[in-house]
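Letters A, B, C and D mark the chains as written, and numbering starts fresh at 1 in each.
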Amino acid sequence: MAELSYRDAVIRGISQEMRRDKDVVLIGEDIGKAGGVFKATVGLYEEFGPLRVRDTPISEQAILGAAMGAAMTGLKPIAELMFAEFAAVCFDFIANEIPKQRYMTNGQLGCPLVIRFGNGGGVRFGAQHSQSIENWCMMIPGLKIVAPSSPVDIIGLMAAAVRSPDPVMFFEHKALYATKGEVPDGEIVDVLGKAKIVRPGKDCTIVALAMMVHRALGAADILARDHGIDAEVVDVRSLVPLDTQCILGSVVKTGRLFTVEENPRLCGWGAEIVSIVADEVFWDLDGPIVRITTPHIPLPAADNLEDMALPSVARIVERVSKVMNGSRA
Amino acid sequence: MTADTTASRGFAANDDIGQAARLELYRLQVEIRDCEKRAYDLFLQNLVKGTSHLSLGQEAIAAGFAAAMGPSDKSFCTYRGHAHTLARGVPMEKVLGELMLRDNGLMRGKGGSMHLTSAEHNVLGSYAIIGAHLCIACGSAWRAQYQGATDVTVCFFGDGTTNIGAFHEALNFAVIWKLPVVFVCENNLYMEYTPISEVTAVPHPAADRSSAYGLPRILIDGNDADEVLRTARTAYSLARAGGGPSLIECLTYRHSGHSRADPGKYRPPGELEKWLERDPLKIYRARMAEFGVSPDAIAAIEVESKRKVEEATSLCKAAPPASESLLTSDVYADGGWAWRN
Amino acid sequence: MAELSYRDAVIRGISQEMRRDKDVVLIGEDIGKAGGVFKATVGLYEEFGPLRVRDTPISEQAILGAAMGAAMTGLKPIAELMFAEFAAVCFDFIANEIPKQRYMTNGQLGCPLVIRFGNGGGVRFGAQHSQSIENWCMMIPGLKIVAPSSPVDIIGLMAAAVRSPDPVMFFEHKALYATKGEVPDGEIVDVLGKAKIVRPGKDCTIVALAMMVHRALGAADILARDHGIDAEVVDVRSLVPLDTQCILGSVVKTGRLFTVEENPRLCGWGAEIVSIVADEVFWDLDGPIVRITTPHIPLPAADNLEDMALPSVARIVERVSKVMNGSRA
Amino acid sequence: MTADTTASRGFAANDDIGQAARLELYRLQVEIRDCEKRAYDLFLQNLVKGTSHLSLGQEAIAAGFAAAMGPSDKSFCTYRGHAHTLARGVPMEKVLGELMLRDNGLMRGKGGSMHLTSAEHNVLGSYAIIGAHLCIACGSAWRAQYQGATDVTVCFFGDGTTNIGAFHEALNFAVIWKLPVVFVCENNLYMEYTPISEVTAVPHPAADRSSAYGLPRILIDGNDADEVLRTARTAYSLARAGGGPSLIECLTYRHSGHSRADPGKYRPPGELEKWLERDPLKIYRARMAEFGVSPDAIAAIEVESKRKVEEATSLCKAAPPASESLLTSDVYADGGWAWRN
């Protein structure tokens, strides 16, 4: 057991898999000699050498295309896209090529690869470097999608992603890189598709992802202390496959659902979960389902404005307590 | 139109390709021609659903590049990929079956004519969104390089494709990593309906860009299968020897419209006729005469081709539609489509 | 009043606006001399000439970039992207550039432009030429999004889109191009952000878009005739702005909501509507909210499989009738 | 390093630029240098939030291209755009205010340092995702051409940007439409941390690609403001005369790291020192001495620059943070953000 940063967990997760399997290779911009723009690949070039850790030109289409072609023919590439929204310059590969290859070829060819994204806000980088774009991928059939909230999850889910025969979109949260957590020694391997109840509770369910898990937990403490509301917090961890058993189970127990989403509101993963709940356990609901999201706006650069935009502990507390009180009245 | 070669790399030297190769090239061209014509007839009978893109007139390119490949070499094609798929030895039945979206098709009707893929033959897909597969081909070549394998990856695309960003990224990438990939531009003078010359800054959309990647300029007659074969062999050898990628522009012309929907009205009068004079099969028949190939050998190939087409056609007409059980299969590697538990 | 095809309505809508305003210009691949791959721009090159109707190379990034730069500086470009999913090769412009320009510049610059997409399935074109991608845009703050279901809506919403000072994503449905409808003579100008109740009803609300409107209407007839269910059908028409007043009003009246979506399931616009309803009019609901969508798979090419994949009249009838009966039991 | 010109197009002829232009070029370079240095100090004081990309060492390019512009000409910059923004006459207060994300910033803190935009000065934005703005600049030039306006659009970008697809699409597009746009590649030898030479198929990432678009090869010393100015004037005249686009590669070097976060450790020893010898300000001071500019005139510029920086700094330090009322403003043209009724 040791304390490790989320950033170092990325490094450990990748190196664990690269040591295990020499077909695992890493590509991306500045990931090699420089150790990555987020410093989340430091030391890998030194350990695994220039053939397995390859710096590329600014050519995201070539990066994902190369990863795809290599995956189709036997390698297990991990491609870094740096800031998540750079996905837009190579979205053809994410939306049209990689996820459809297995289906269109009737199972002849697959794309076992991992794409890493520096996702999310809170770092004052403005509208084009702060977005939460996991939903851009969730919309697309054929992808698997994880977004870990802690160092130990980073390692275990990285292993699961690399070992998956399917393409996995791996969302690292930029504002979490410096955060720390306890991590057991030795190999860590998790599974895709399992949510985690990170705080049990009985009055309502709060479903969150990545950085928002920490805020939901912070809010749950205050809700318990100041409002007498015992919230259960679910860390979704994996959007596809989605652990609907865990989520539906929690909602059936508490009767109330809130989602906390960093993404701009429209068509977020929270809406999908709401639609599943409103269909499948409607009769177990004790009141409205409420989503707490970033407003549907581009993100502002200014620190004070960005703090207002992203769901905060205070906003979660306020919203949950108001709605819960309303429903009891 | 002759090869504009870079002597130091010895592209398309003028040696005779030999009798066996000659017959093989003819066989491939005839079979592609016959099968494509049949595909066209099947459209007219409304048995081919969706869209379809024929290579009538471009057979020499498919034949020449495929004939020079070994079985482990990889092909990446476009939606205009029937010819390249057949040239690798994929049975006509599988191709026509997919065009007809039947259960006997290459992908059992799930992919359709634009995505012909036969992993078994190392036809690693046909791609329908312009540009992407040039980058994907780089990945296949990267794998070969990384694993020390000796296969070459060959990537076919059209003239219009040279103006999209992915072309540029793939070419630069292949060169800096010295990848064993051969990029083949089939310049048939048109994108869908717009002449390539109206939308391209240089006269030769691929060849005139080669210097931007430090590559030699290679422009060949794509209607002469021998020239294509020789060029392919040289490029493959170079790639196998670690010499990196090649970019080859082949001049050609498609005899039919862009796709099923296109009557080809945008063509200036006389253009098609001029190119029919340069029909690759016509050129090749003359070549065979020149080299004294026996009429019997030629006839045998032609008869066998027709037989194959007829056989494939009846198999396809008799084949059941796509199996309903496949609707949700093979989205993921476990065979299913479960996005939730 | 005359009968016009959906395809000809596109032509009439564009030419109405081009006659009115010489800053309206058209760009795209094969849209000029050839009249467009969908033949939805036939005659415009002849009427307005090569300076206003420009054929481009296969360079979608340049097309949208040029449209954006021109819009920022005074023109009103209409760009055609041909098959909707080609949006993926120029998604940076749709997701990161065009929609954020006004916000990031604090209102200094806007992008009044229209992007036309040939959207949707039913034409046996397979996984890369049949997708419904309006949700790719709905996720992105700063865009406006319409998807007309009829010739008259095409003309009126095209006029509204061209006159809008905001970027409008205009989704034409490929399988509707050949359909016909009555269209009044003279100028037609609609407004963005208004849904339409295309069939009033009292038992449940069915919300649909584009081609699915026709299927929902077909289903409603059968539901009335065979199942005694009087469904109200709402044609959303505009996803952003979203006419929540109309939708919420209908749900409050009927107490039940179904969405019919051609998109693959996850994070579809239907989920967003469900989440609004489940929050704001929860207490008016009489039973579960159910989404009828294409399964979350890439689309198959085969005609029989594609017909199974897209929501059909029969599937809508079956699902609505089962759920409605269930809720009464 | 001298201009590699195409005589027929008369790029960068060697005439003296004249005393007024000389003083103006010096003023611009000094003011950019001083303001950028102040930006750096403000980082260190933690007053600049988020990221920031300085142009220390690249001032001659910004000065030369801006000095040759008329007020209606349009600039499109990257995240490394402070210099180009200042060079168009945008007050330092507005630039530093935006870096500090204060209410007095150019976009009142909503955009941040990577998106400096001043429509009033025809600085039509700074773009932070590589490649896009080359295409957007084409649109601005297309508008000028369509409306018969005489303004030129100038688009700045780095060496690393030449390897992304949008570069290729924009260049081809600009040439075929003969657009009045000037593409300026600031080759500072690095992308973020990776040397451009390690990831590019040709030695000169822009100049060696010009022939792929039928353009002349233009490679200039980007640290010599006079050479830059002359080149800019020639390219602008060509564009205004309907002669179409130019692609100009300027050799330069950034003295600081890529961004705020970068200490620049990847540089080989001695490289920075070598380039400091070629510091554009040093070169320019020598040039002024050569042309006999009076020390007083030089001092006046330097003093005024320092004064401006101090004044801007105090205004910014005193400025309030971004106004909360702006959080949801200007998403749409009606001033608001309503996505529903």
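Here is the rule we use: a contact is a pair of C-beta atoms (placed from the backbone, for glycine too) under 8 Å apart; a residue touches a chain by one contact, two chains touch by 3 or more.
What you see is a predicted model; the values in this text were computed from it and never measured.
Chemist: Please indicate which chain is farthest from subunit D, where distance is taken between mean Cα coordinates of the chains.
Modeler: B
Chemist: Please work out which of C-D and B-C is bridged by more C-beta pairs in contact, and write that pair.
Modeler: Between C-D and B-C, the larger count of C-beta pairs in contact belongs to C-D.
Chemist: Measure off the straight-line distance from the CA centroid of subunit A to the CA centroid of subunit C, and report it in whole Å.
Modeler: 30
Chemist: Taking each chain's centre as the mean position of its Cα atoms, how many Å separate subunit A from subunit B?
Modeler: Taking the average C-alpha coordinate of subunit A and of subunit B, the gap between them is 40 Å.
Chemist: Hey, how far is the Cα centre of subunit B from the one of subunit C, in Å?
Modeler: It comes to 36 Å between the two C-alpha centres.
Chemist: Can you pull out the residues of subunit C that are in contact with at least two other chains?
Modeler: Residues 56-57, 59-61, 85, 88-89, 92, 96, 103-104, 126-128, 141-142, 240, 265-266, 296-298, 300.
Chemist: Residues of subunit B touching 2+ other chains?
Modeler: Correct list: 110-112, 115, 129, 131-132, 163-166, 169, 172, 176, 198-200, 326, 331, 337, 339.
Chemist: Report the residues of subunit C in contact with subunit A in the complex, numbered from low to high.
Modeler: Contact set of subunit C toward subunit A: 85, 87-89, 91-92, 94-96, 99-100, 103-104, 126-128, 135-136, 138-142, 240, 263-272, 274-275, 277-280, 282-283, 285, 287-291, 296-298, 300.
Chemist: Which subunit D residues qualify as touching subunit B in the complex?
Modeler: For this pair, the touching residues of subunit D are 131, 163-169, 171-172, 175-176, 198-202, 208-209, 211-215.
Chemist: Which subunit C residues qualify as touching subunit D in the complex?
Modeler: 25, 51, 54, 56-57, 59-62, 64-75, 77, 92-93, 96-97, 101-110, 112, 141-142, 144, 164-166, 193, 240-245, 276
Chemist: For a test of understanding, state which residues of subunit D touch subunit A in their complex under the given definition.
Modeler: Where subunit D meets subunit A, its residues are 49-51, 101-102, 109-115, 128-132, 160-161, 163-166, 191-194, 198-200, 261, 266, 321-322, 324, 326-328, 331, 337, 339.
Chemist: Okay, in this complex, where on subunit C does subunit B touch?
Modeler: By the definition above, subunit C touches subunit B via 29-30, 33-34, 37, 55-61, 85-86, 88-89, 123-129, 265-266, 295-298, 300-305, 308-309.
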